[in-house]
């Protein structure tokens, strides 16, 4: 029943928000996301004490086709649920002093998104999972479409259709798997114990892989992403980059690797090769980007490329690292986009070249921006380091040279991040009459929380490892 | 009077009248020939021992539908030959297509086996009580639903045919 | 009347007959441009199918075929009512029942 | 049993050592505005506390003992446990004392030097953070903890080089330092992966214990050591990753003294000394280390001869001296290398601080061509600078003499070519250092009247560290006197337990007898004297001043052999061009084109097929009937 409550709170909150107006809706949204966060904390204590049992919810929905409403929880699910529910209050708070039209609908969509994301992470029946997977696309479509920037019609449509096309492939794969199991079921446990014949695993792998690769995105399926990140309102971008792309990486571990292990083994080298190539490719592109949000988008491609490379290394180290890095990247990327938003909001200038001298007028902002950048370039004792260390080691266990190549990310990451920081924050102001007030209270709260999370998980990564290791061991044994 | 003779007479009547429906110049003749055709089909029903349907058929088609058509033709003043003619090519194509469809259907029919359906002993299936029993037991719900359909059709017809205000 | 049946005509005859009637209906639909006559041809096609259903019902001793005919009649009646209403409305606006005039819905 | 109790009692003070600077960082960073200039004193006090604790450990840790403890499990997964722990042994104690001791003096100096700077508190918070990471680097009991410090000091170096963030060329220098260090860090990281995978852990104990099982010269150990050495090249500014260090002089002078002379840049040497066992097991790497060191030493010395910026000269001198230390390590003379680290820390810090004092007196001027005759105005600086210069030149009895002589003697025993090259490099060092000294302090003043009027001695917070460091520059050498002068080499003796394992593996070179040793000393001293004489004749007798636009070979030297330009052309520019090409051509055109082409095909099909919708009802009916017919026909045929 706890699982249902996790779903019910944001859903109810989403509906409730539709009846609020103006300033009330953002306060209400904050309170409700905090309630959900509190409940998640409670769920964490329950999980630690009693394991997955209290979260298990299994009811038959339809006998033919055989569909169970099956929610459950293991360490990995809980980690992703925590990430989602931890970031949502921050994302809501980050929009506090922004002018948002029709805020009640905006926040309602965000909470609906939270509902769908939680659903994706705790669904243990393929059909239910698929429903939530698609459900998550709807609110973000409307958020980017209604509150987005230039070109939003075209960009949002591209994003929507691209990801939907990927999902279609996944649906085919699920339909095939459904017929393949003796009991005709898509339950996760059934799927992993009745694996498809190796002859079919190849194309099942590709169907799943392309679906997830588009969502993650792995180069070359990434072209929807930079435009969408740039166009979507910043809160939407945070949802997309912070949580939604983790749906893809999460699904790799949950639905791809245990379900079609032989297909993955056969094509592992291509998947890993694409991921690693994507790291270098996106990093190099990011170096010369002049648009701040687009630069961050490419950096995000590079980071998730490393995550997927670690996952496809198919060893405990890589997967454990990927989970840590998923969590870390979620936090860091939200922080980075928030900083970009703060800059854009005050200067109306999206261009890296035209900025500068912010440090002079807003030292606090500059400091916290630096802290987040440090997390993102994986400095030791920040959350980014542990993940990157383990991911690179995971890739190393797979192939030494590949890890050297992937390791270029620590050099190139520093190049584009510091170059961007120098142009945007340091130096003398380039813009005339730049009005740049230092952080407002809500911005302070968000950035400081993110900063604390960065260091906390950098110093105590074991909190994540202890949570997820039992599950990963069952997969990698 | 052998049943064959009755069948062939009725069949010839229905085919000829049907052809006249299609080829008559004036709509009013088409309507009248269609009525003839319906009567001949009702005759077939009687031959097949479906007396109830035969009666219903005459009441509904000849009595209601065709009267409605007739009214429309007259109301719209269509009884004169206003229809522009199609080109000969299209007429030719229409006949060829119709003929080919017939051939295909006949061919399909020939390829099916109808062994069990030759000359049954007794045919009481069309009697009123049998049809009524079926209609008011197994098909109770659809039967009642037809009334809903009729109301919908009625309202639709009224709305569509209503003269617009401006 | 029973003796007529007992001598029995082969059911194929009915099949052929209704096929011919159906084809004539189709030909009419293709041949004519007057909406009213097309509607009538559609009725003709429906009736050919009705005939087929009744013949099957009679020869197989199953009443349900006739029940279906009954429902088809109901639908036909409803269809004619709506169809004629449409036709009247079209005629009122365009002063014609020629279906080729109705070519606005393209591309 | 006594020892056991003693050791556990030392855990708390040992853990507290890095904690004080961290505390200092937080307090000066958070309350900098409120503390004002007190933050400088506070930060210095924190380092002094750490120094006291280090001294406490030094005095109480029994000889031949080391203190190795884990604080908590940092990363633990599968059967790998990477703990967060410290190792206190003679090697780390030496480094601890150097870092905290010189660190404290430089903090003190900075109070005076940075007095008028608006970022006063920020400066001290960065300095404290640096000390914190540097302490982690030298105290860590595993490569991973060392790596934390390793990257952390890189960060602080970045922050401090770009301390005056308004100037974009300073920011460029900072960025360059960080990125070049990262190149080395990647090597270090991959090296750690090798160790973790093949040697079963990252802590020194496990690594050493397992490395022993591999035969000397095994490719695994060579790979590991080479990768580690890549890391060391980045951090300790060796060819080819040295260009960041001269640029790093953009930072405030105390930073140059602390980070880019005394402590951080010697991290590479510390790391190799720490890993002496695995390096000793990889003779090929030792060769590489030696040659890289020798070449860097000469190359940087050559460039140093023609520089005119007082700090640039010292920077190239640092690179050259670091090369010397690497050469020592490569030969296998680990203690000599470490000994030179220590003495170098004293006199190079002294020289930088002295240079800072000069720059302070000159009001920010760094070009030696506009100095001259400063000896009259700033006596203390002049005297201490002279001591520093003599020390780096290796004149008896200053500290540099002993450590340098030891390295030269070792190289004489190992490889005569190396010995010749290092001697030449030492001669050049003497030359450019005295060139620097004469140009700055002798003859008459060449600056403006305004500058002349401004000339003054620095406050006591700045001169006191100079005096203390000068004392050490004179005295530190006596810790390691050559065999010909004293029977005990205190420094080597103290460090002996650390290098115990590797000693047997290094081919024992024929130990020079007293006669040879004396000869070597004689050669070195006379070479130094010749160099001094040359410098005197050029810059004092003939009163030469380096010209503005040198010609021929000296133009190449003055422009640092255009190495920066070379890197710019073959690495930086191509990456930028590739970045643009990838974005515009590959990403936008090729990859996205495929996606857009798929969309376009769907759109095109739609646009084309819609033409079938003519609006002609008759046509639709025809199409329908024919379609049905075809379907039925197909059904019939099949």
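Each chain gets a letter, A, B, C and D, in the order it is written, and its residues are counted from 1.
We take it that a residue touches a chain if its C-beta (ideal position, glycine included) is under 8 Å from a C-beta of that chain, and two chains touch if they have at least 3 such contacts.
From a predicted model like this one, the values you see are computed outputs, not experimental measurements.
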Exercise. Per-chain C-alpha centres versus the global one: which chain is nearest?
Worked result: A
Problem set entry | Distance between the centres, which are taken as Cα means, of subunit D and subunit B, whole angstrom | 100
For this session: Using mean C-alpha positions as chain centres, tell me how far subunit B is from subunit C in Å, no decimals.
Result: 5
Exercise. If you average the Cα atoms of subunit C and of subunit D to get two centres, how far apart are those centres in Å?
Worked result: 95
Exercise. What whole-number Å value describes the gap between the mean CA coordinates of subunit A and subunit B?
Worked result: 65
For this session: Please list all residues of subunit A that touch 2 or more other chains.
Result: none
Problem set entry | Residues of subunit D engaged with two or more neighbouring chains | 618, 622, 625
Problem set entry | Per-residue overlap in subunit C, given as positions that touch at least 2 other chains | 26, 30, 33
Problem set entry | Chains touching one another, given as label pairs in label order | A-D, B-C, B-D, C-D
For this session: Could you pull out which subunit D residues touch subunit C in their complex?
Result: 610-611, 613-618, 621-622, 625
For this session: Enumerate the contact residues on subunit B facing subunit D in the complex.
Result: 86, 90, 93-94, 97, 100-101, 104-105, 107-108, 111
Exercise. Across the complex, what residues on subunit B touch subunit C?
Worked result: 2-4, 6-7, 11, 14-15, 18-19, 21-23, 27, 30-31, 34, 37-38, 41, 44-50, 52-53, 56-57, 60-61, 64-65, 68-69, 72-73, 75-76, 78, 82-84, 86, 91, 93-95, 97-99, 101-102, 105-106, 109, 114, 116-123, 125-126, 130-131, 133-135, 138-139, 142, 146, 149-150, 152-154, 156-161, 163
Problem set entry | Partner subunit D, residues of subunit A touching it in the complex | 158, 161-162, 219-220, 222-224, 281, 284-289, 316-317, 320, 357, 359-360, 374, 379-381, 385-386, 389-390, 392-393, 396-397, 400, 403-404, 407-408, 410-411, 414-415, 418-419, 422, 426-428, 459, 461-462, 465, 469
For this session: Could you please specify the touching residues of subunit D with respect to subunit A in the complex?
Result: 73-78, 80, 147-148, 151-152, 155, 158, 162, 165-168, 171-172, 175, 178-179, 182-183, 185-186, 189-190, 193, 196-197, 575-576, 578-580, 582-583, 586-587, 591-592, 594-595, 599
